[in-house]
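Each in C-alpha cells, the structures are laid out below.
What follows is a pair of complexes built around chain A, which joins chain B in one and chain C in the other.
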Partner chain A sequence: MGRLTSIIAGIALGLMAGMIGLLATQPGPLALPRALAAVLTSPGLLENVARLAAPIAVAGSGLALAYRAGFITIGSEGQMLLASLASLYLIAYLDIGGPWSLLAAVLVGAVWGLVPGLFRAYAGVNEVLSSLMLNYIALSIVNYLVSTSLREGAFTQTRFIGEDKVLEAPLALGIALLTALGLEAFLTHTIPGAAMQAYGSAPRMAKTYLATSRRIILQAALASGAAAGLAGYLMLTGFQRGFTAMSTTPGYGYMGVLAAWLGLRSPLGALGAALLFSLLATAGYLLQPQGVPGSMALLVQALAVLATVTLLSRGGR
Partner chain B sequence: MEPLLEARDLWKIYPNGVEANRGVNIALHPGTVYALLGENGAGKTTLVKILSGAEKPTRGEVRLNGAPAPATPRQAHQAGVYMVPQHPTLFPNLTVLEDVGLTLRMAGARLGRAGVRRLIEEASAGYGLAVDPDARVEGLSVGERQRVEVLKGVLVGRKVLFLDEPSTHMSPSEVGSLVALARRLAREGRAVFYITHRIREALDVADKILIMRRGRLEAELDRGEASKERILAAMFGRIPEKPQPVATRPGGEVLRAEDLWVPSPHGGWALRGVSLTVRAGEILGVAGIAGNGQKELVEAIIGLARPRRGRILINGVDVSSLAPRARMRMGLAVVPEERLGWAVAPGLSIWLNTALPLLARNGARLLLRRGRAKGIASRVVELAGVRARSLDQPVETLSGGNIQRLVVGRELEAGPHVVVAMNPAAGLDYSGASMVESMLLKAAARGAGVLLVDEDLELLARVSSRIVVLSRGVLTGEFTPPYDVDAIGRAMTMR
Partner chain C sequence: MADLHGIVVAALANTVPLALAGLGEALLERSGRVNLGVEGLMAVGAAVGVLAGIHLGNPYPALVIGGLAAALLSLLYVIPVIVLGADQIVAGLALFFAGTALADLAGAATGGAPAPPLVGSPWDPVAASTLALVVASTLLLYRSWLGVEIRAVGESMEHAQARGLRVAQIQGGLAIAAAFLAGVAGAYMALALHNGRWYSGITAGWGWIALGLVILGYWSPPGVLLASLLAGALLSSRTLLAAHGVNEAIADMAPYLAVLASLLVMSLVAGRRARPPSMVWRRE
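Right after this comes the complex of A and B.
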C-alpha cells in the first residue's frame, strides 16, 4: 500500500470508528460528518481550528525532525508548558510582549528539550523514558509556580494575558507554516539535516562518514525543543492565556507527537495532521452539548494514527 | 540408506541481491557427524537456517524423512530438529530449569517441573554437561550458557542436531569434550551437523567434511581422505602460481598503528598490542579467521572505537583522539564490511549517499547544494560503473555489487592517502569482486596506502604487497610474496 493511500485509509478508519462509537449516543453516527461540515463552513470556528492547529503543528514539525534523526522524544508536552509559562511571565507580569516573549519561549523550550538529548548523548539513557519523566517534572514546576510566586488572588491561578494580546488566527497559522517550511528546508537543503536523516536510518553510516552521534542527537533535541517552545508561545497566545493548577498536562504536545507520526515524520505532513486534529477537536466541542463525550475526537485521532502507522509498517515488510 | 534430512537445489537470494546459497544439494544420514567449513559469507549460516526451518529458500526444497521439512523453528523442534545458536539466546531472568522447560514445552513435551528437572539431571549426568537447574541464566558465564544450549540440543534435537560455531565461547578442553559429545550423539543415531571455521576441529569431529564457498558446496570429503591441505584448497580456491603484488614501489609511511589494545564486548581483549604500518603505494593484507579482532582493528583505525592503549597516526599525525570525520579529512577512506547500514544509509537516495560523505569530508558545513551534490554523485556513478536507473532511487534498490561499486568509487573519489577496507568483495559475484579488486589496486598505484582486512586468502594473495595474520587479537606472522598459503593458514590458527 502506498504512503498516501495508507494515510487516507488510516484517517477513514479512524473516522469510521468514531461514527461507530456515535451509534451508542443520542445524535447518532451522522452527527460527526454534520459537525465537521458545520466547522468547515463557519469562519469563526475555522479561526478556532487555526489557533488550535498552530501549536500542534509547530510542535509536530519539530518532532518530525527529531524522529527522522531517530531521536524519539515525547518531551514536547513539558517543553510547551514551561515555554508558555515563560511567555506568560514576560507578557502578563513584566509587560514585555511581542518578539521577546516569543524568544523566551523558544529558549526555554530548547533548554528543556536539550536535557533528554544530553542524557542520551552522554549516558545512553533512552529518550522516550527520560522525556516522559521530564514532562511530569515540568508539570510539577508549573503547578508549584502557579500556587506560589505566580499566584494571583484567592485561587491557584496565574494572571491571564489580555484579549488584546491574543494572536490573530491567520498569523498563528502563518508562523506554523513558516516553521514547517523552514524545517523541511533544513532537512532537505542542509548538510546537518541530511546527516540527521542518515543517522535516523543508519546510525553507523552517519557516525563513520558524517558526524558524531552526540552532535546529531543534541542538534535534534535542541531543534525539537525550540519548536516545542515556539508551540508553547502559540498555545499561550492562541487560547491558553493563563494557567490554573493542573492534575494532568493539557496534552497538545502529545498531539504534536501524533501529528508527527501521522504526517509521516515530515514537518509539512505534521502541519496537515495538526489541521485535521484541530478540525476533529472543534467538531468534538460542537457535539459535546449533544451528549457526545469530549474524548471522541481524541479517540478518532489516536485510531487514525494507529491505523496509518500499522498500514505503513505492513507495507514496509 | 535413506537420508534423514535432504535438500535439493537450494537457492537463497536476499532482497539486496546477495546470493547466499546457489544450488546446494545436501543429504544428512543418521549416525553421522558432518562438519561444515567455509569462510565468512560463504553461505554457511544461511544454509543452516534453511535446513533448520528458520528461513525459507528462494528456490529448492528441504525434506525430512521424505516429507516436506518443518517451516518454522517451533515445528522443527517438534520434529526433533534443533539448532544450537552460535551466541546463546536464553532468557536472562529465568532459571535454567524454567528456560529449558519452556523450550521443551514449545517442542511439544508435556512435563511438569519435576519432569523437566529429571530430564536435565539425567542429560547432565549422562552426557557430562554440568549445569545447575536452579541457577538464574543472567548469573551464568557465556560458556555456561552455551552448555545449557547444548543440553537443550541434546534434549530437543533427537533426530538432527545443528551446532553453529559451538566452540566460539569455549576453552580448548571444553571443545575437546564437545567433540566427543558430538560423536557420541551420532553413534546413538542422530545426524549431527557441526558448523565451524576451525579446520582442526572439523577434522577431529567429522565423519564427513563439507566445504562451502561462495554459496556452493565446493567439496565433500570423507574422514579418511580429508587433510588440511585439501580443505584449504577447497575453502579458498586455488592460489595462483604467480601472485601479482602491486608493482609500484612503496613510499613513505601513511598509516601507523602502535600497540593497540581494544577490549572485547565478550570480555577480555579483542586486540592485544597490535602494531602495523602501511606505506604509500602498497596494499597491506590482514589475513585471519573472522572474530579474531579484525572488526575491532578496523573500528579503532577509523575512529569508531577508542583503544584503551596505543595510538594511531595518519601521515605522521596522531589522530587517536579524533572523530572519524576528522580522520577522513586527513585523507582516510573507509570501505566497511557491511554495505547497507554502514557504508550507505538505506532509505536515502543514491545521490545523497554518494555526495554527503564526500561533502562532509571537504568541510561543507551548512548548505547542501543539490546541483553540485548530484554532479558529484553522477561522476562517481559513472566512473565506478554503477548501474542505476536514476540518482534519485533509494540506494538499497541497487544490487549488492552495484552498492559496493558505488561505495568504493565514492571512497576513492576524494583521492585518499589511506584506504581501510574490510571484506570488500564478500558476497559479490565474479565481476563485482574483480572490479573492487582492480579499484583497490588502482588506488595503491596512485599512491594510497591500502589496509585490506579480508578473510579471503586468495584475494589477499592476489593483491597484497605484504600479508600479516591476525589471530586472537595478536599479529602472528608477516609474509611477503610469493605467498606460502600453508604457512599463512597455520598462522591463522596460531594461539
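Right after this comes the complex of A and C.
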C-alpha cells in the first residue's frame, strides 16, 4: 500500500477500534463521531485543539528528526516537564517573560535531552531505556520542587501563570509550524541533515558526509531535546500554567512519540499527526463526563500508529 | 531489627514481579526479538488481575487471569511484528501506549474497590514458582534442543530459517509466554505490593526497569534473577530513605537513578567484551 493510503487506513482502523471500545460504555460507539463533530464545529474548542497540538507537534517534530538518525529516544516527556517548570520559574517567580522564558525552556530541554545522547555516544547505553529512566527522574525532580522551594500556599502546588500570559492559539500553532518547517528543511536541504538521514538508514553511509556517528547521535539528542524544551514552553503557556504534585507524567511527550511515528518520521507529518491527536484528545475530554475514560484517545492513537506501521511494512516489500 | 526484617521481606517481594517480567523478556530477546511494551503488558495484568480478584475473591486465579489478559494483548505485537514483519521497536512502543490506555479502561471498572490482597511473603507460592522458573528456563536455554534453537534464531534469523527452524513459531511462542509472565508480574504488583488496589500508573515504570534488568542480567535467567534482587532491594530502600528524612520525591528517584547508573557501568565495563544475542539491540 502507498504511504498516504496506509496512514488513512491506519487512522480509520484506530478509530474503529475506539468505537468498538465505546460499545462497553454508556454513550455507545456513535459518541465518538458526534464528539469529533462537536469539536470541529466549535471555534472555542478548535482553539483548545490548536493549543494542545502545538507542543505535541513541536516535540514530535524533534523526535522525527532523532528517529531519522536512528536515535530512538522517548525522553521528550521528561524534557518537556523540566523545561516547562523552568519557564514557569522565570515567568511566575522572577517575572521574566517572553523570549527569555522560551529560551530557558529550550536550554533545559536540550541539556536533559543530551544526557541519553552522551550515554549512547560514549558508553553505548541503549537510549530507549536511559531516556525512559530520565523521564521518571524528571518527574521526581518536579515533584520535589513542587513540594519544597516552588510550593505556594496551603496545597502542594506552584504558582500559576496569569491568564494574561497565556499564549494565543494561532501564535502557538505558528511556532509549531515554523519549527516543523525548519526541521524539515534541515533534514532535506543541509549536509548535516542528509548525514543524519544516511546514518539512520545505513550507519556506514554517513561517512560519505564526513560525519562521525558520535557527532550525529549528539546532534540528534540535542535537537530533539531542544524541541521538547520548546514544547514544554508551549505546554506551560498554552494550557498547563502551573504544577501540582503528580503520580504520573502528563503524557504529551509520549503523544509526541506516537505523532512522530504516525507522521512517518517527518517533522511536517508529525505536525499533522499532532493535530489529529489533539482533536481526538479534545473529543475525549468531551466524552469524559459521560463516563468514557480519558485514556480512550491514547488507545486510538496507539492503535492507529500500530496499524499504519504494519500496513506500510507490507507495502514496502 | 524488625525494621531490617521488613525491608528484606519487601525487597524479596519487589524481586518477584521484576524477575518474572525480566525472565520472560530475556527468553524472548534470546530469540532475537525485543518487546518494548512490557510496561503496558504489566499495567493490563495489574488492572485485569484486580478486576478478576474482585469477582473471584481469590488472588491466585486472578494472577493467572491477569497473565492471560496480557498474553492476549501481546497479539498486538506478535501479529504485526512476527507474522507481518513490522518494526519491532515501533510496535513495542505502540503496545506500551495501548496497554497503558487499556489498563486505565479496565481499571476504571474497579471503581477503586480492593481485591482480596495476596499476602506478600518471600515464601509464597508465586515467589517459589519464580525461582522454579529461573531453574527451568536455564535448563531450557542451555540443556535442551529447543534452547539451542532459540539461541540459534537469536544469533541469525536467516541462517536459522535456512536450517529449517520454525523461527516465527519460536519467537511468537516466546513473545506470548513473556507477555503472560509480564501480566502475572503486573497483577502481583497490584495484589501483593499494593494491597489489591488498582490505580492509574501503578506499574511505575517497573516494566521499563525489567527491560534494563535483562541487559544487566546479561540475557541469562540467573543473571536476571540476580539483577532483580538488586533492583528489588533498591526499590525497597525508598521506605528506609523516607524514614531517615529524605524527601519522598527524592527517594522515589533513587531506583531509576541506580538503574541508569548500572546500565552505564555495565555498558562501559562489559560493552566491549561480552556480547548480547546478535539480533538484539543491534547497533552499527
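Keep in mind that, in the parts below, the second predicted complex is superposed on the first by the 313 of 317 C-alpha atoms of A that agree within 3 Å, B and C clash if a C-alpha of one lies under 4 Å from a C-alpha of the other, contacts with A are read in each partner's own complex, and residues count from 1 in each chain.
Quick note on the criterion: contacts are C-beta pairs under 8 Å (C-beta built on N, C-alpha and C of every residue); 3 or more make two chains touch, one makes a residue touch a chain.
Small disclaimer: the values here were computed from a predicted structure and weren't measured.
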Side-by-side fit of chain B and chain C on chain A, or clash = clash
When the two structures are overlaid on chain A, which partner does A:Thr212 contact: first (chain B), second (chain C), both, or neither?
-> first
Is A:Met296 touching the first partner chain B, the second partner chain C, both, or neither of them?
-> second
First (chain B), second (chain C), both or neither: which does A:Val257 touch?
-> second
Look at A:Ala195 in the shared chain and tell me whether it touches chain B only, chain C only, both, or neither; answer first, second, both or neither.
-> first
Taking the superposition as given, does A:Arg204 touch the first partner, chain B, the second, chain C, both, or neither?
-> both
Of the partners chain B and chain C, which touch A:Val49 in the superposed model: first, second, both, neither?
-> neither
Chain A residues in contact: does chain B have more, or chain C?
-> C
State the stretch of chain B that overlaps chain C in the combined model; pick it from 22-30, 94-102 or 292-300.
-> 94-102
Name the residues of chain A shared by its contacts with chain B and its contacts with chain C.
-> 204
Could you pull out which chain A residues touch chain C in their complex?
-> 21, 24, 72, 74, 119, 123-126, 128-130, 132-137, 139-141, 143-144, 147-148, 203-204, 213, 245, 247-248, 254, 257-258, 261, 293-296, 298-299, 301-303, 305-306, 309-310, 312-314, 317
Can you check the complex and tell me which residues of chain B touch chain A?
-> 302, 304, 323-325, 328, 334, 336, 338, 340-348, 352-353, 356-357, 359-361, 364-368, 370
Which chain A residues qualify as touching chain B in the complex?
-> 188-195, 197-198, 201-202, 204-212
Per the touch rule above, chain C residues touching chain A in the complex are 36, 76, 79-80, 84-87, 89-91, 93-98, 100-105, 108, 199-201, 204-205, 208, 211-212, 215, 247-250, 252-253, 256-257, 259-260, 263-264, 267-268, 271, 281, 283-284
